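Both of the next two complexes hold chain A, though its partner changes from chain B to chain C.
Up next is the complex of A and B:
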């Protein structure tokens, strides 16, 4: 086969993939970033306003509140998810009766749509007749139940639901990483008299380092960008207590969410600027983590 | 020492069973709830249903239009799986086996789309594009957008492709097999496990997708998928919310994906190990 034919064949095979990616992947990102310098409501003409959108962001307390909420949400989710997933993976990696079944159980929430499960969690957590409160009142643990989706506890509830859905995923990734650690290292160390906890501290943790670095990075990015379950569970309420960055962003583009009747103006120009700032924030956190974790590895 | 290990084992199992319990309880509540009446659910008085209303499933199926939602979900998921696998296996084949100008650019393009995501922002331009193509009020728009996000499947398939010996397709070429024919007749069948894993991942993603179908079916409720239809039941089609139908629907929507997981469990476990090593 001559060279031209060879190249033509290659291009014809890569064409569908490249076309789809460029048109439906790259172009939309470029589109969004173009409007960040415009006043554009989604219809009519876009008016160039220079940096006006960015100075509006600086004064937008709702946005900065959502940034703070995002950090609380992501931090809480990671604090529960990562240690628990690591612990489960370490336990289920080695010979234990019923570990296949347990893996399946822990992994199950990740195959269920967060949107669907959030709806079910609503019937569990809602304060008026939620299943959890019914249980608390009936069993005498609480007089009037807890306002799980109220201003005080909504964020905690949202974090618990998010962690419920995520633990299995990271457990699986840790399990995959653990399979790279050769079994004879453990055997040698137990001959030397090392206990299970010592093995975990001095073998599992250090040898899992690189995988852990990647998994945590992935978890950070996912947690910073997560909003689907919050959208279904609380829509960001009450009074914006669970409003996170990407949910706020979503509402600027699609103001009529779920069943809420509040119709606001679509803010594409401003939304694009918010999207850019949000992407930069996520990028910065990732970079900081990346360098910090690399440093940690070097000093170890 | 003996006593210590027994104590340790007990603590270990208490811990494991507690986590398993917490993981399962929302699912169990959903399953049990799907057999209750709406009144019983609203009162929330019982754990087990007072009487088992199997008819909820039939009612949800017909009244709350779940047959339609399920069909829509199946169309979206299966079409997305087929399209994604086709598009990304073809690309993975030429990237791994051929040399051509712009290959690095293509790989860079795929990495970029995987790492730079700006959330829901892209929905609007994607929607506009579909309006221009007259696909905005059909599920094909959703399917095309889902297929376009195939970067991770491309990388997975490319790593599987490396495991297929080059000698095989070289021999085929010498025997006069065109590269296209080699791909269909030799590479694709050997790519089986990779394709299976890619199918499960894609199916899971498409089946659970919420935002895309939500946006694309705002004007056409009959095109809603299960995830969208279920989330909407929270607010009730009529005035009151129909929690019992919602729960029956949730159980129905979990079923196909659970079956897929059970069948794919083995290749699934191996794949995640392999993809990390790669």
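Up next is the complex of A and C:
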């Protein structure tokens, strides 16, 4: 096959997905990009307002609170998820009986829809008749239960739920990484007298570097963008305690609540600007991480 | 050979791609019989679609649609589409893909938006004097710029729902009529019920917007203040009427008379708790009796009473929400056929059935005068009285910063200076109001003679 034909052949395969990406991926972004500079409520005429949306963002304490909440949420989720996923992967990588079954069990939460998972957790954590509080009260551990979704513990609760949903996924990626480490390296090290902990510290961790870098990167981006389970569990409440960046953004496009007679005002223009700023924040964090973590790549 | 393979794969992927893209248009309403000319006799049906977001009456409407399909002699076939929470989004999409329904269910909080988006067609050409006399015209609710877009069927009244068993246990004879009584009653009910896990008062504060729209709003309206903070006399936002109301709610919370966990309480879990007897009082819409009949069968004896006012004096009217039901789509190609279906639905038989079976409280005076009280426990408390009235529509705005409901709930939880919070709300809401007046052509004119007390009495004496 000559070169032109080969190229044509390749492009014919790329074309459909490139077209879909263009229509469903690039076009909406360009659309939002344009409306960042407009006052647009979803209908009627869009009014050009220049940088007004951005100066509003600077003053928007609700947005900046949500940014702080996002960092707390993402940080908490990572602190629980990554070590736990690594630990589980390391255990399941050993010749444990029934490990196939255990892998399936740990991976299962990843398959369940986030909204369904959050509904289930709501029945566990809700304060007035949740399973957890009923257990605490009936076993005498607490008099009136704990307000799991109240102002004090809501963030902790949403972090725990998010970690539960994510850990299986990262465990699987770590497992794949672990299985790529040749067995003879371990054999050689044990002949030299290295113990399990030393092996983990000096062989497993460094050789898992590239996988680890990718997993953490993925985890950071996912955690910064996550909001679905929070929406079901608390809707960002109480009083914004669990409102993360992308939930705040979602509500600008699709306002929730408000009761029967309240007319909801969608803010497509301001929402687009907030979306852009949020994307820049996620991008910046990812870049910072990427440069800081290049060391992990050096496996030698 | 290579060329043939290349062409085959190219056509295959293109075909697949097109199939994927075209999918959105293939579903939905079939409009095979173009034009209303397709009549009986030719054997071809005129197909029209009716979209509704209402689920509580879905079976009833389905039955009526089937009745219409079977009985009409014009060869019209109505396809009923019941959408869930995504109704508005689905409708937006349908208008962008020219797959729009012919008849649309409009509600008090969507009709203005749909009108502004150009989704609706006026129905004046079909309204004769008889229909005009039968169905009240309501500016901004079924009438825009002098043209009628819908007609009312049922409306929603608002009441205080209370647990009669718990009231009896606490030795309280009457539901509260002032805010102070509300606070005291909640306290007494909690004292009587706490041992069994029952508390005096609750609201669905998971969404403060929804909670206040069914409570603080109607207390304000009964006391003579615009329920969404808008003052029709001055045409400005002024939330100061809410101060005593929010303080009373805060007091109930601080007293420990509020059900624990209201911060994460949604309306359905609240109803489930009420049905179990764990809540003494809450405020809500007239959809509640249906809920306790079908969804959460109540294990307690309960009733509904007018909501309390700030000081016991009724200076306004309890908002009767509604004024619209079905509307013609601006994109329908079968206007006549769609109207014939609407005419059937707005007939006395369907409307009377609707009220008597308890799906809603009729807003059509001739129907509510003649129809029997629905056979649904508790609904008698929700039937219109002399204090129910339709408020004019307030201009909706998107203020910068926190919405009033969130700000009020934050104060209930964290405390602070309520007067300062209200001053800040007034400032931000009026700035947003000025902006929509200047830029979006919204009209807000003061009406010095506006008398909230005169709103009541139109649906019952």
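Heads up, the rule we're going with is that the second predicted complex is superposed on the first by the 271 of 300 C-alpha atoms of A that agree within 3 Å, B and C clash if a C-alpha of one lies under 4 Å from a C-alpha of the other, contacts with A are read in each partner's own complex, and residues count from 1 in each chain.
Operating definition for what follows: a contact is a pair of C-beta atoms (placed from the backbone, for glycine too) under 8 Å apart; a residue touches a chain by one contact, two chains touch by 3 or more.
In this text the structure is predicted, and so the values were computed from the model without any measurement.
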If you stack the two complexes on chain A, which partner ends up touching A:25: first (chain B), second (chain C), both, or neither?
-> first
Partner chain in contact with A:149 - chain B first, chain C second, else both or neither | second
After superposition on the shared chain, which partner residues are touched by A:129: those of chain B (first), chain C (second), both, or neither?
-> both
For A:179, select first, second, both or neither according to whether it touches chain B, chain C, the two together, or no partner.
-> first
Figure out whether A:13 sits in contact with chain B (first) or chain C (second), or with both, or with neither.
-> both
Could you look at A:44 and tell me whether it touches chain B, chain C, both or neither (first, second, both, neither)?
-> second
Intersected contact list for chain A, partners chain B and chain C 1, 9, 13, 16, 20, 23, 42, 122, 129, 254, 256, 258-259
Chain A partner, complex, touching residues on chain C are 2-3, 6, 9-10, 13-14, 16-17, 20-21, 89, 92, 107-109, 112-113, 116-118, 156, 205-210, 212-214, 217, 227-228, 259-261, 263-265, 269, 273, 278, 285, 319, 321, 396-398, 400-402, 405-406, 409-410, 413-414, 435, 439-440
Given the complex with chain A, which residues does chain B contribute to the contact?
-> 8, 12, 16, 19-20, 22-24, 26-27, 29-30, 33, 41-45, 86-88, 90-91, 93-95, 98-101, 106, 109-110, 112-113, 116-126, 128-129, 144-145, 147-151, 154, 173, 179-180, 183, 204, 207-208, 210-211, 215, 218, 226-228, 230-235, 243, 246-247, 250, 253-254, 257-258, 260-262, 265, 269, 272-273, 275-277
Residue set of chain A touching chain C in the complex reads 1, 5, 8-9, 12-13, 15-16, 19-20, 23, 39, 41-44, 47, 56, 59-62, 122, 126-129, 144-145, 147, 149-151, 154, 233-235, 237-240, 254, 256-265, 267, 270
Okay, in this complex, where on chain A does chain B touch?
-> 1, 6-7, 9-11, 13-14, 16-18, 20-29, 31-32, 42, 84, 88, 91, 102, 104-109, 111-124, 129-131, 133-134, 164, 167-168, 172-173, 175-177, 179-180, 196, 211, 214, 225, 227-228, 232, 246, 249-250, 253-254, 256, 258-259, 268, 271-272, 275-276, 278-279
